[in-house]
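Note that the chains are named A, B and C in the order they appear, and that numbering of residues resets to 1 at the start of each chain.
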Amino acid sequence: MSGEPGAGFSAAELAAACGGTVVGDGARRVSGVRSLEAAGPGELAFAADAAAERRATASAAGVLLARSAARLPGRTVVEAADPSLALVAVLGLFFPPRRAVPGVHATAVVDPAATVDPTAEVGPFVVIGAGSRVGPGAIVEAHAVVGRRCTLAEGAWLHPHVVLYDDVSVGARTEVHSGAVLGADGFGYAVSPTGIRKIPQVGGVALGSDVEVGANSCVDRATFEATRIGDGTKVDDLVMIGHNCEVGRHGFVCGQAGLAGSSVIGDRVVLGGQVGVAGHLRVGDGVKAGAQTGIQSDVPDGANVNGSPHMPYRDSMRAIVEIRRLPETARLVRILARRAGLSEETTE
Amino acid sequence: MSGEPGAGFSAAELAAACGGTVVGDGARRVSGVRSLEAAGPGELAFAADAAAERRATASAAGVLLARSAARLPGRTVVEAADPSLALVAVLGLFFPPRRAVPGVHATAVVDPAATVDPTAEVGPFVVIGAGSRVGPGAIVEAHAVVGRRCTLAEGAWLHPHVVLYDDVSVGARTEVHSGAVLGADGFGYAVSPTGIRKIPQVGGVALGSDVEVGANSCVDRATFEATRIGDGTKVDDLVMIGHNCEVGRHGFVCGQAGLAGSSVIGDRVVLGGQVGVAGHLRVGDGVKAGAQTGIQSDVPDGANVNGSPHMPYRDSMRAIVEIRRLPETARLVRILARRAGLSEETTE
Amino acid sequence: MSGEPGAGFSAAELAAACGGTVVGDGARRVSGVRSLEAAGPGELAFAADAAAERRATASAAGVLLARSAARLPGRTVVEAADPSLALVAVLGLFFPPRRAVPGVHATAVVDPAATVDPTAEVGPFVVIGAGSRVGPGAIVEAHAVVGRRCTLAEGAWLHPHVVLYDDVSVGARTEVHSGAVLGADGFGYAVSPTGIRKIPQVGGVALGSDVEVGANSCVDRATFEATRIGDGTKVDDLVMIGHNCEVGRHGFVCGQAGLAGSSVIGDRVVLGGQVGVAGHLRVGDGVKAGAQTGIQSDVPDGANVNGSPHMPYRDSMRAIVEIRRLPETARLVRILARRAGLSEETTE
């Protein structure tokens, strides 16, 4: 990139970086990216969709990133077929990704039987247990605790205060946010007449590559093998993944969703916020579940579900409409029943 | 205050502190505050309402704090028009607020480019990044991590194990409980045929003054500007506030509630426990939402809503009654339909 | 036990340990325990029920633990009347419980006015406040923070990053997982015309013996006395127990469930995942609540409830069936009403 730090980038440079096209003044320079409302003449702002393009007409931003300049006459616009993807590229110029600053902080407590790649970064007060390996370019931030026999692959990133119990593997470029706990014991007990006995949870957790786990989320260790999250899947904050679950690849698990134990979630699944999935289920590939859905039985591939307990999305929309009308519907039924001489005792 | 530590306070002193009136023995001294059931003759107990006043008749407490002594004959009572407010004042005498013990613990790692006010307290194993400022009388307890360019205003208080990512500002007297994470990346991605790409989240978090954030809650950083919580708003434990949200002033967000991204919540809003708010909504001033409500569209000022998806509270109460009756209602409908010769095929 | 480390155990030894009976080759040795799918000839696998027994026929495991060998001809089987209980015993052989490694890590900050039993283990970067007592064999792992006047009874175990505020007691053998916060302030405020005033929360938290608290769960301190969890109760991850609650003995509180303040939960209660319990309720002994149930009024002993708001389980199952049918039911009603000349205006 020809843009020097501080000097920002020209519209033409930004268009080149994101595969877009400049409409207007390609030489116009911007030094940062802000919201449509806050951006000034020296900044770029981003219009994700038609509604944002309407707001963009009133923006003071010097350069706009949008699908089309057609509704933005007289403005300098970087046009991109997918503005969100283009934004990723543009932000990558202004805010280069965090890289490991190689070295182990003097206060870190690293077991002699652990190995830390010389290109990895280990922050203050980190604790790393015996048999664990921190790979090239991995970042372990302040106060993270890594148990025994854990593996951080190349470029893995633990934010401050992440906890890994023993036997947790974190894939390449996978990012775990603060307060997340990977590998705490699964909720497994044997209930007997003489009391509740804990079933030792002797498995681990395996996160694939390019996974992201949100702040304060929990992924419990398996009873035997591993609780798994597949490559590319993004997990939001305060999510719980119960023991023995297998979550597929390239999916989204939104905030505060929870999976009970031993469920298998397919690839490219989207679970909305506060969704619950009962135990021992199979949720197929490509399933989408609306916020607060309660999944209580298997869901076939490609289904779009909603409601608690879940039903097909379309059925749930109809049911919701009718629930709102239900007092009037029921009133009519009672009139009809009275006219017909029906009562609670009537059976036929 | 004339009451010395250990000697406790007389009923008259307590009444003076809380703007109340003594009925009974104003010289009676108490050395602590306990529940109605546990308090003894040397202690004060508190009756919040009429039901508690009935229990208070059996309490051994030496002094009672209540709205009225009328139902408590023969007892020493501090009468206060608002007993809960009076309790705040009384407890403030017995349990003075925690104050900063100025100084930085020897184990803390404070970046040379950070500034800590000499009247602030920084506890063991705290990490503070470059460009951050800790204001007068602020308290940063053990193991808290403060990123770069953060601001703690006067009297701000981070309990142990709080994490602030970069670019988080905490207002005056705002209290953040243990395990809360402020400023983790918002859940923003561009989904393309070639995969899921993370949209860098380059904004921050701004908490107003007199805010409280509960244990293990998460407030994600904004994509561009700041995710905001307004002055005086109280957030309970395990709450998630998504990126770009703006929560107004003097509201309550109860335990495990969650806000998806970019929603705007008005002033004096009360969101009950486990409430969910979808993204990009406007929830008006003074709105109240019952526990487990799912807010899926804009809510006008002053509305009282309930249910998932939400509806006006009154409608939801009627719908709930009819859902309980639904099996009987449906049974009647089937009898009527059969008599009328209707079937699933009937259309008219 | 005669089995040496590494050498594993024979089927006969395992049967003796779990009170089971060998069918097949009692001398057969296994060196570990894995899932039915992963176990090889040198390992034991476990079949919890009839469905698992069917999968077990295809397992390569050298020894199977199951209720009966009848469906597993030709295999070496340890038969046990309750295979889950037997598994607890078997896993206890292969994975002996973690024991305290006595001593205080050099980096720990222990207040001179705290006492740590010489048989207890205190890990790196632990902070323990004045007046706290760590009992015999207790384990306090890395980064745990223990406030003032706390008590850890014999064999209590705090995993890394647990936070105890002041005045928290943890019973014998009670295990608290990473990120759990015990004793943060309850959500108690006095709302007055002049603003929201915090009611100081001056009580504590008391966990009984043999309790387990999951990762990132929160138990808030009481306003006056103590928020309590009874002996033997198991609490999963991301659970919130509000201030002043009293949870009984030998129960289960599943993931992401939440209890608002001052509710009393009986003994042997099972609250499913994401259940919510409103404040100031009494939930009786032996109550079971399905996942996502919203308990909004008292529940009698032994009740099985479901739905939000809750109703008897059986009623909720009927209501769910009818909600799914509701669009068709309502359609029939509208036809009948039209034929009968009824409209929204009709009242009779």
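Keep in mind that, in the parts below, a residue touches a chain if its C-beta (ideal position, glycine included) is under 8 Å from a C-beta of that chain, and two chains touch if they have at least 3 such contacts.
These figures come from a predicted structure and were not determined experimentally.
Asker: Could you check if the interface between copies chain B and chain C is built from the same residues on both sides, meaning over half shared, or from different ones?
Answerer: Shared-number fraction below one half, so different.
Asker: Working from the CA atoms, figure out how many degrees chain A turns to land on chain B, in steps of 5.
Answerer: Between chain A and chain B, the superposition angle is 120 degrees.
Asker: Rounded to the nearest whole Å, what is the centre-to-centre distance of chain B and chain C, using the mean of the C-alpha atoms as each centre?
Answerer: Result: the chain centres lie 25 Å from each other.
Asker: Spell out, as numbers or ranges, the residues of chain A touching 2 or more other chains.
Answerer: Answer for chain A, listing residues that touch two or more other chains: 107, 125, 143, 161, 179, 216, 238, 256, 274, 292, 308, 323, 326, 329, 333, 336.
Asker: Which residues of chain C touch chain A in their complex?
Answerer: 33-35, 37-38, 82, 84-85, 87-88, 91-92, 94-95, 97, 105, 107, 123-125, 141-143, 159-161, 177-179, 212, 214-216, 232, 234, 236-238, 250, 252, 254-256, 273-274, 291-292, 308, 320, 323-324, 326-327, 329-330, 333-334, 336-337, 340, 342, 344, 346, 348
Asker: Please name which positions on chain B make contact with chain A in the complex.
Answerer: My answer: residues 107, 109, 125, 127, 143, 145, 161, 163, 165, 179, 181, 184-185, 187, 189-190, 192, 195-200, 202, 216, 218, 220, 223-225, 238, 240, 242, 256, 258, 260, 274, 276, 278, 292, 294, 296, 308-309, 311, 315, 318-319, 321-323, 325-326, 328-329, 332-333, 335-336, 338-339.
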